[in-house]
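Okay, so chain A shows up in both of these, paired with chain B first and chain C after.
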Partner chain A sequence: MRPRRSIPLTLITALALIYSLLPLVWLLISATKTQEGLFGSFGLWFSGDFAFFGNIADVFAYHDGIFGRWLLNTLLYVVAGAGGATLLAALAGYGLAKFDFAGRRAVFAVVLGGVAVPPTALAVPIFLMFAKMGLTDTPWAVIIPTLASPFGLYLMWTYSRDAVPDEILESARIDGAGEFTTFFSLAVPLLAPGLVTVLLFNTVMTWNNFFLPLIMLKDADLFPLTLGLYSWNEQGTTAGGDVVFDLVITGSLLTIVPLIVAFLLLQRYWQSGLAAGSVKQ
Partner chain B sequence: MLITRRRAILGAALSFTLLAAGCGGDSADEPAATTVSQDDVQAALDAGGTLTVWAWEPTLKQVVADFQTTYPKVKINLVNSGTGNDAYTALQNAIQAGSGVPDVAQIEYYALPQFALGKAVTDLNTFGAASLDGTFTPGTWNAVHSGAAVYGLPMDSGPMALFYNKDVFDKHQLGVPATWEEYTTAAEKLHRADPKAYITADSGDAGFTTSMIWQAGGKPYTVNGTDVGIDFADAGTSKFTAQWQKLIDGKLLNPVAGWSDGWYAGLADGTIASLVIGAWMPANLESGVKAGNGKWRVAPMPQWESGGKATAENGGSSITIPEKAANKALAYAFLKYATVDKGAQTRVDNGAFPASTKQLNAPEFLNKEFPYFGGQKVNEVLAASAGQVVPGWSYLPFQVYANNVFNDTAGKAYLGQGTLQDGLKSWQDASVKYGQEQGFTVK
Partner chain C sequence: MSTRRSWIGWQFTGPFLAVFALVFLAPIGYAAYLSLFRNRLIGGTAFVGLENYTKAFSDPQFFEALSRVALFLVVQVPIMLFLALLIALALDSGRLYGAGFFRISVFLPYAVPSVVAALMWGFMYGTRIGLVGNVNDAFGITLPDPLSPDLILAAIGNIVTWEFVGYNMIILYSGLRVVDTALYEAAAIDGAGQFRIIRAIKLPALRGPLAVATIFSIIGSFQLFNEPQILDTIAPNSITTYFTPNVYAYQLSFGGQQVNYSATIALIMGVVTMIVAYLFQRRSIGAGR
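Now for the complex of A and B:
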């Protein structure tokens, strides 16, 4: 049956769409303006000169091209941090779902508790701990805390429970496969949609991570994009500082592009992941 | 999004301001004996080594480069540790953790007492800094002192002046106000003539408010070791609140937040016609308000009595050596180079406003014409202001915290919730409460 169209619902959705796209449109338009243009013109329409490409070139040229370095740093943190976090979450979630061992409920309770603690609250204690270990102001200070993803673990636990039938595992064990072989060659393909969801989730978290690097890092050469752009923005509040709002805006636009691409590429896996387990065979 | 982040940072800053201030003492009265001689400092320079410097002041980059050329054995790692709260949180964190502490740290005057009282920074009398008396303007030299101890060397200063947009003033036939009363009259006239234009922007700024009270002769803070008095009921404070309340009531202040993009936009399009602000402002106008090129001028700060000559400091910072720094002798060599010796001149040449009297009184400094200000010799006005700073001001040993809660207390007056005087009272209450919690004797 064709679902009935509801005019109020359509309207609400349209409003929500505009509401969520408006900042993006603003960002896109603002990135085409010079700093004077930003100050002197209406935010949601173009002003005189089209400086988009000039701005992009400036972003990559400013301060000896440090923006490119920040981009690579962010990529490193995402690949090592979010990638590692996803792998660990998958292993642990699968383990919790498919193996019965003493203390399983306790581990699970700790993980659920971990979901409730905001990462921001942990940043300072982690800093003090890392300082003792001499790890602050190194890439490890950002990567290691990122590896712990209680929410990802929880998602993988629920997902493994439903997506990997015990029968398959039993038959694999009867055939003599080791546990790691079973996991990587049998479970992982079944878990793929869930893995992609968690990966996407961790990627966004790591890409946007701000507070942890702010606390941990001092060396601008190690900054991720978020912290780098923040430091550019803060220049405007410093006596004698160089005011570069045009670069902050264009840099922000460039910063979200890879995320949008990742979303579009991984979206279909993600959608199939959302529906999995909703119907019991 | 940035606002919430900022909040988060403030939160973290709050929980750490107490660490430096917590373990107070009144030992600052006796000068520390000189234990490190000039020869020791020279020996450190000859031996070389690595220094980590946390500072945001942009002209230091050149100073560091020159220093390394002069002393090739010294390698300086200059880190822009962010400004204000971020920087102090990071510094407190590092000091508390005891690792990753820089050898040199830039600290603004308003935050210095907090680090000094907690003995987080070195008393430079160990290096004979007392002999530098007279090298710096009295206001900045006072700002780095706690009793006889010297906790930093003044790097830049912010004696206040009136920066105004001459185009806007001329267009509406406004004279340059010499007193605060004239300033208020000009504010009314301007806003009546052009409802979009305001004499200035103020949505509640702790630094500006304390500077204004300072100029009016108010002394709300009295500090004697861990005995702290906070009183916003004195005559100087009421002078300021009575006058400023008129601007608030008449809705004559542009409500845009300072240092935001909207603020820069207002300065560019003339809807913020003037600023009473520190002497470091020219560089910010030149880089952030390009549209104002040729339009702005500088005049002496408006006075409370006609014919008066009183000013205050707004902003400005020192460079210090954290107590846990690894190579203090070398760090002191750098401090002295950057504030007294060649570096001071380099910084002035690159646009910084000096705290050292030699640079401040140099003819080439005073006679420099600023094209941005229509060729005006801006430094003459600013240097004169530096000599007229009202003496005897002190900040709280937990001023970073106090400034953080300004907008939640006194700032409400700008939203029409109560008067400014009431707001300052609640700011006082919040500060007293916090100070007591930190172990200060606060009255």
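Now for the complex of A and C:
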């Protein structure tokens, strides 16, 4: 029994669509304008000069190409931070789901409590602690705090419990395989959809991270893209600073494109992942 | 066998726990330790017991910041979740043309960093290169300035709604997808209309997902930082140094060198967030059983 499609309902829902996409359209159109064009033209239509490719070249050329450096830094933080967080969450989630060991319940309670502790509340204390340890203003200051993802662990625990049958593990043990060999060769393929989901969400969180790098980093050579864009915008609003709104806008567009592409390509995974993570209780 | 299993379980869980201890447990402990001291201009750091806490609870700036995020929570979160619910129900009804396109488009803002979202909306709110300015010029009118002190909180509410309405919609939509469709058919045979089905079947099924979405929104509201911090560069007169508790904690540490008091504020906010989230969870889950 398939419900009939409704034009009025589609039109009403289209308002939400416009609301969601309008700022992105504004950003895309604005990225085609020169700074003069930005000030002198209507925001939702093109100005006379099409400066899109010139703007992209300018973004990468400004200040000896520091934007490229920020892009590489962001990639490093994502690969090491989000990748590492996914690996640690997978190992621990699997460990909690598949081994009944002393202290398991306590571990689970503490980590679940961790889900409710907002990372931002911890950022200032972590900074103070890392400053004592001499870790601030190094890449470690951004990477280490992203490595622990209690929510990722929760998702991986749910996945491991449901997707990896105990019988497979038992037969691998009878064959004499080591537990870690079994994990990487048997369990990881079964956990793949869960792993992709956790990796994707950790990636978004790390790619979009702002508060932590803002606190931890002073050296502009270590900035991720978000902090770099913030500093460009800030310099335009201080007295005597270089006004580069065109670069802020085009840089913003370049910052969001990789994630949007990742989301579109991996739709199937994050949707099933969210379903599993948020609904099963 | 059991000791071997125990050892292996710890090997799998250990690396995560080590990092967790370093970046969750240790900072909480360290903040608690720091909150018991105060740095004085003369005499250096001195143990002051709970003085920082009594100071916080009678600090008008902290109180104003806390009231502001509480107001934000009470107004913005229901609006956002209601919108998310409407879109999720519309998608789930199966009556939309291009439902897949709707779903992914409304979700896309979630992939946009809050820095970019705040910059983008900040520009659009502006009168110089923004849409508000465009409309004013085109019609020769003066719209209320979203970046003015009176409207800035609502302007931030709009940015946060834009960022997270799709995320919450997906959580609710996923909740609706797992409802057994046989229930709808049975209800339809009994003569129930669409609205009756929503009220009697769909909304009760969404109790869990709504609780999850609300808890994440509570945490997000109390921790509000990125959007005001970024708008501060665009609308410096509207964002105070104690606009939200997190902005205040940041300013105390980095603008005022009051690390002990800053740690106290951070700790209080962590505890307040956990308590409110816990109470809400107990109420919403407890009422369901």
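By definition in this document, the second predicted complex is superposed on the first by the 256 of 281 C-alpha atoms of A that agree within 3 Å, B and C clash if a C-alpha of one lies under 4 Å from a C-alpha of the other, contacts with A are read in each partner's own complex, and residues count from 1 in each chain.
The definition used in the following text is that a residue touches a chain if its C-beta (ideal position, glycine included) is under 8 Å from a C-beta of that chain, and two chains touch if they have at least 3 such contacts.
Bear in mind the structure is a predicted one, so any value in this text is a computation, not a measurement.
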Superposed partners chain B and chain C on chain A - clash or fit: clash
Who touches more of chain A, chain B or chain C? C
Give one of first, second, both or neither to describe whether A:230 is in contact with chain B, with chain C, with both, or with none. both
Where does A:219 make contact in the superposed view: on chain B (first), on chain C (second), on both, or on neither? first
Identify the partner contact of A:266: answer first if only chain B is touched, second if only chain C is, both if each is, neither if none is. neither
Between chain B and chain C, whom does A:255 touch in the aligned arrangement: first, second, both, or neither? second
Touching A:42, do we find chain B (first), chain C (second), both, or neither? second
Counting only touches as set out at the top, which of chain B and chain C does A:88 meet: first, second, both, neither? second
Name the contact category of A:120: first (chain B only), second (chain C only), both, or neither. both
Taking the superposition on A as described, I'd like to know which of chain B and chain C A:134 touches: first, second, both or neither. first
Quick check for you: in the superposed arrangement, does A:104 touch first (chain B), second (chain C), both or neither? second
State which residues of chain A lie in both footprints, the one left by chain B and the one left by chain C. 38-39, 120, 123-124, 127-128, 210-211, 214-215, 230, 233-234, 237, 245
Which part of chain A faces chain C closely enough to touch in the complex? 1-7, 9-10, 12-13, 16-17, 19-21, 23-24, 26-27, 30, 38-39, 42-44, 88-89, 91-92, 94-96, 99-104, 107, 110-111, 113-114, 116-118, 120-129, 144-145, 147-148, 150, 153, 179-180, 183, 204, 207-208, 210-211, 214-215, 225-227, 229-230, 233-234, 237, 245, 248-249, 252, 255-256, 259-260, 262-264, 267, 271, 274-275, 278-279, 281
Complex contacts: residues of chain A adjacent to chain B: 35-36, 38-40, 120, 123-124, 127-128, 131-132, 134, 136-137, 210-211, 214-215, 218-220, 230-231, 233-234, 236-243, 245
Per the touch rule above, chain B residues touching chain A in the complex are 2, 5, 8-9, 12, 15-16, 54, 56-59, 79-84, 86, 89-90, 93-94, 96-100, 156, 158, 259, 261, 264-265, 268-269, 278, 280-281, 283-284, 287-288, 290-291, 315-317, 351-352
Over in the complex, which chain C residues touch chain A? Could you list them? 5-13, 15-17, 19-20, 22-28, 30-31, 34, 83, 86-87, 90-91, 93-98, 101-102, 104-117, 119-121, 123-124, 128-131, 134, 138, 162, 165-166, 170-171, 174-175, 177-178, 185, 188, 208-209, 212-213, 215, 219-220, 222-223, 225-226, 229-230, 233-234, 236, 246, 249-250, 253-254, 259, 262-263, 266-267, 269-270, 273-274, 277-278
